[in-house]
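The chains carry the letters A, B and C, assigned in the order they are written, with residues numbered from 1 in each.
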Amino acid sequence: MLSAFRSIQPRVRRWTSTLVIFGLALILSGITVKTAWRHAKFEWLWIVITSVGVCSFIVAFAVNYESILSFLLTRRGRMGTNALISALLMAAIVVMVGWIGDRHHIRLDWTRTKRHTLSPQTLKILKGLKKKITIVGFYRRDSFEFERIRDLLESYEDASPNIRAMVVDLRDNPLLAEKYGVTSTSTVVFECEGKREVVSFGSEQEFTSAILKLTRERKKKIYFVQGHGEHSYSSYDDEGYSRVKDFLEKLEYKVEGLELMRKQQVPKDCDVLVIAGPQKPFMPEEIEALKRYLKGGGKALIMLDPKSADMNEVLEEYGVGVKSGYVFDIVTLARDPRVLLITNFEHHDITRPFMKARANALLLAECAALKKSEKTPTGYTVTELLKTTSEAWLKMELTENIAPTREDERGPFTLALAVAPSSTADGEKKTRLVLIGDSDFASNQFVPAFYNADFFLNTINWLAQEEELVEIKPREEPPDTFMPTGRQQLFVFLWSVIVLPLVVLMAGIGVWLSRR
Amino acid sequence: MIEVRNLTKYYGTLKALDDVSFTVKRGEVIGFLGPNGAGKTTAMRIICGYLSPTEGTAKVAGYDVIENPTEARKFIGYMPETVPLYNEMTVRSYLHYMAALRQVPKGQRKERVDYVVERCGLKEVVDNIIGTLSKGYRQRVGIAQALVHDPPVLVLDEPTIGLDPIQVVEVRQLIKELGNEHTVILSTHILPEVSMTCKRVLIIHRGRIVAEDTPDGLERRLRRSERILVRLLRTPEEAVSSLERLPNIIRVERVRGEANLLAIETRPGVDMRPQIAEHVVGKGWGLLELRRDEMTLEEIFLNIITREEVIRA
Amino acid sequence: MREVFSVSTSIVEPTARSRMGLRHRLKALIRHIGSWFYIIWLIAWREVKAFFTSWIAYAMLIFFLVLCGYIFFAIFMVGRTSDMRYFFWDVAIILMFIVPTMTMRLFAEERRLGTLELLLTSPVSDWQVVLGKFMGSFIVLCITLSLTLYVPVIVKRIANPDLGPYWSAYIGLLFYGAAMLAIGAFWSATTDNQIIAAIATFGTLLMLYIISWPAEGVGGWSELFQRISLYHRYKDFADGLVDTKHIVFYVMLTLLALYFAVRTIESRLWR
């Protein structure tokens, strides 16, 4: 064997350079075939080509091994190989550090509006994601949207290891589009375990809601009690709650009305019951139904105005109640003294994001003061959420003169309360109750103001035990508009195009002169 | 101070140095002598740590120039063949920069710069921009930068190349003076320079050291015969043959172009001058001059190189 | 006098060294590191001074400032927006043209003059030389960029800008510029011809710029191309995003290019 090798060695050695070039060409074309020309039938082709290339390399090395070895033993050979190996090593280290840096990185958003940062809500949802989701966006590469959507989806990818996202041009990837059944551009497809959601012309809110849709096992149901003159969840007028309903549906809740009078009981599939400012009193059967519901671990949001129906019978079991009278405060919107600006938040899961973001302004209109009985029912904790200032006062009647008098009760008054089982209580009691001394703040008229929508949605999310949704949306800032005067225009042009370059030119001439 | 062992250097397949070994003691001035391309510059670059040898070692003050380059370089002041100057700097700032680069402590830099400016005669041009200097001044700035950190060893590659005769004399004088305080290695392809400035000469040819001695010793060692020149008043035909008959005389011939000058080659080690004088006076040819002919380094150099060639062939 | 130097610069008697306490050793170490960086500073500063004595520096600066100024005027006064994203994107493109002029001379010129030999036979390591030169060109870059600082000042005066993205863009320009300078330094180290160094640098930068153009497809090569595109990564900075992954990329690229520059300088020893 060895002697046979010896005998052909000198003959083959003449072909060394050919072998090396041949091998290199084959390896390169093998890699090209592997990456560029994927054909199912010839999957094996690149392996064959590459291995032939490697073989010819090995042969070239083998027939020259003596001279290669002796070269390696000289100082030049040693230092050269040393340099080569350490260069490769360095390159490998750099690539590795770069790779690690790509995976584990921190993104700082220096824009004032946090343009590149996902809302805390989205982040929370993504953090809790347990299923793998593939996101494919189809956008025209030359559109401005392309970059924006890709960056956005990239931050989705960064936020969860379970998300894989890409943005492609529909025209370049017809096969992919066919696979996802996409025919028009500006579309993002979300896929999870075979289920698909398609969002067209979407932005963060739509995308996050698509993810929620895909990952929710069951849609949670919210019932709005109807029939006592409550705010209508489907009405579009100022008093209506249609905006709130839209928000809820984006968060993947199912919203329905409930005629308690007819049903005589709260449905079993009710996750959150909302009573929004009833004006007519509840029938005893209805009161019973509500009591049953709450006792059985129900969750309810009860919003009562000063002239609302009396519900203290239901409430007192949980150590809370409504005082009669109207609350006024010194912090108010100038036009209407009944409209209060609330800045005092107490610590609770619902209010935590507001305190964190210092977003502490909430608009309530015509409020009722709430009370907390001395004795908290066993197994429950009652937390105050919103309070007026200590300057506030309570008027029994709404008259022309609302200025505080001596006999008026003074604040601070509680405007919102949350009742939840104490953490020490056993698992049986799951009742959660939020009582708010106003129902107008969530109406179509007031819900866009300040952080009203956030407060309402957070309350629902907390009641529905969707704590990851309890967050607030950052505000958008309008674009910077300004009108430069003619003088300003002239100044900017002169300074940036003429004066500054001229100064540099003078400096250059100065240096030149001083060196002569 | 400098210890060079078995240096071999290949540029590709070209052998620039071939098994070169020598040592230089503290305070010595040695000269590398050889034609262009003999390997002088290569040897110097290796000593200064600019190049590394293919094989062999070089040590400066006990530090290997490959293993311990930074330490070794601290002992060397080097002036490469093409005088390396930043043309846009002034002489003073250039020297300051070089002093700082060679780690002269901050407090002593000004003093050192002033010293080398004085020493190298750069006083008039010290604030001039280097790009405007004449060749002679540039050369002196080159030497000044090699001196600025007061290195024990000076390595000067062709320090007088391209200078006019007056400048050459000045630079040689400077080197001679420096030889009193520094160990100096200089290379040249001009012979008189070596005999004028060096205490020892290494003749390098085709990458090998072909001879190593003092300038005097070299002459003596390589002199295969001694030559005596005799100038006569009259030189009859028979003078040549009659002189040749004296003992220990190898050959007598007339020096071409001189009417009455005879060159007499004698066996080495015997001084034949008394006998020759006696003979000439006895014949009544009229002795005008009688002297030993000194063989020049040029001749020796050629001699060595041609002998080398013969051996190779 | 010579004795004074040799003692003070390097050689401490071994017995004396062992007698030194930890504090003294620490002090000596700090001094040692200090002098290491001092040399780098020396080389860098000389480089800066040399650069600003050549007319190329001023031609480059005027070219840069006129273009930047015009683009700024167009976006700010004609486009009437204080969002300077496009301005900073364009600055990065212009930088690509002027970086070669900052780096081409670094080694090529010294090699041509022979001063490189002087530098490399001084008691200075190759890394110090390369880092010094790189630092020099980086200072030049900083000076160049600082001349555009009138942009935030003027915008702040006239409009109500969100200045966050401005500063992140400047940070991005520094890292992006450093990577380009390192590539330029590498090319300069390979040749003794400034023009060749400049052309090779520009060619490399251009390639690293356009490499992301056909890259919006799916998977494999395109993703890789985007990842190594210098300019593509910079865009995020101008958008107000400071992402450590981009910084790591630029720093690593800078290190790699400088490392290869050192290796190239060093290759004289074994080639």
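Basically, a contact is a pair of C-beta atoms (placed from the backbone, for glycine too) under 8 Å apart; a residue touches a chain by one contact, two chains touch by 3 or more.
A quick note: this is a predicted structure, and the numbers were derived from the prediction, not measured.
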So, comparing each chain's Cα centre against the centre of all protein Cα atoms, which one is closest?
C
By C-beta contact count, A-B versus A-C, the higher one is A-C
Which chain's centre, taken as the mean of its Cα atoms, is farthest from the centre of chain A?
B
For chain B and chain C, what's the span in angstrom between their mean Cα positions?
46
Centre distance in Å when chain A and chain C are each reduced to the mean of their C-alpha atoms
38
In whole angstrom, what separates the CA-based centres of chain A and chain B?
82
Check: chain A positions touching at least 2 other chains come out as 75-76, 79, 515
Multi-chain contacts only, two chains or more: what residues does chain C have there?
53, 269-270
Would you please write down the residue numbers of chain B that are in contact with two or more other chains?
52, 88
Write out the stretch or stretches of chain A touching chain B in their complex.
74-76, 79, 515
Contact set on chain C toward chain A in their complex:
52-53, 55, 57-58, 61-62, 65-66, 68-70, 72-73, 76-77, 80-83, 147, 150-151, 154, 158-162, 164-165, 167-168, 216-218, 220-221, 227, 235-236, 239-245, 247-249, 252-253, 255-256, 259-260, 263, 266-267, 269-271
Which part of chain B faces chain A closely enough to touch in the complex?
10, 52-55, 88, 129
The residues of chain A that touch chain C in their complex are 35-36, 75-76, 79-80, 83, 86-87, 90-91, 94-95, 97-98, 101-102, 105-113, 115-116, 141, 146-147, 151, 166-169, 172-173, 176, 477, 479-484, 488-489, 492-493, 495-498, 500-501, 504-505, 507-508, 511-512, 515
In the complex formed with chain B, which residues of chain C make contact?
1-2, 4-6, 8-10, 35, 38-39, 42-43, 46, 49-50, 53-54, 113-125, 268-270
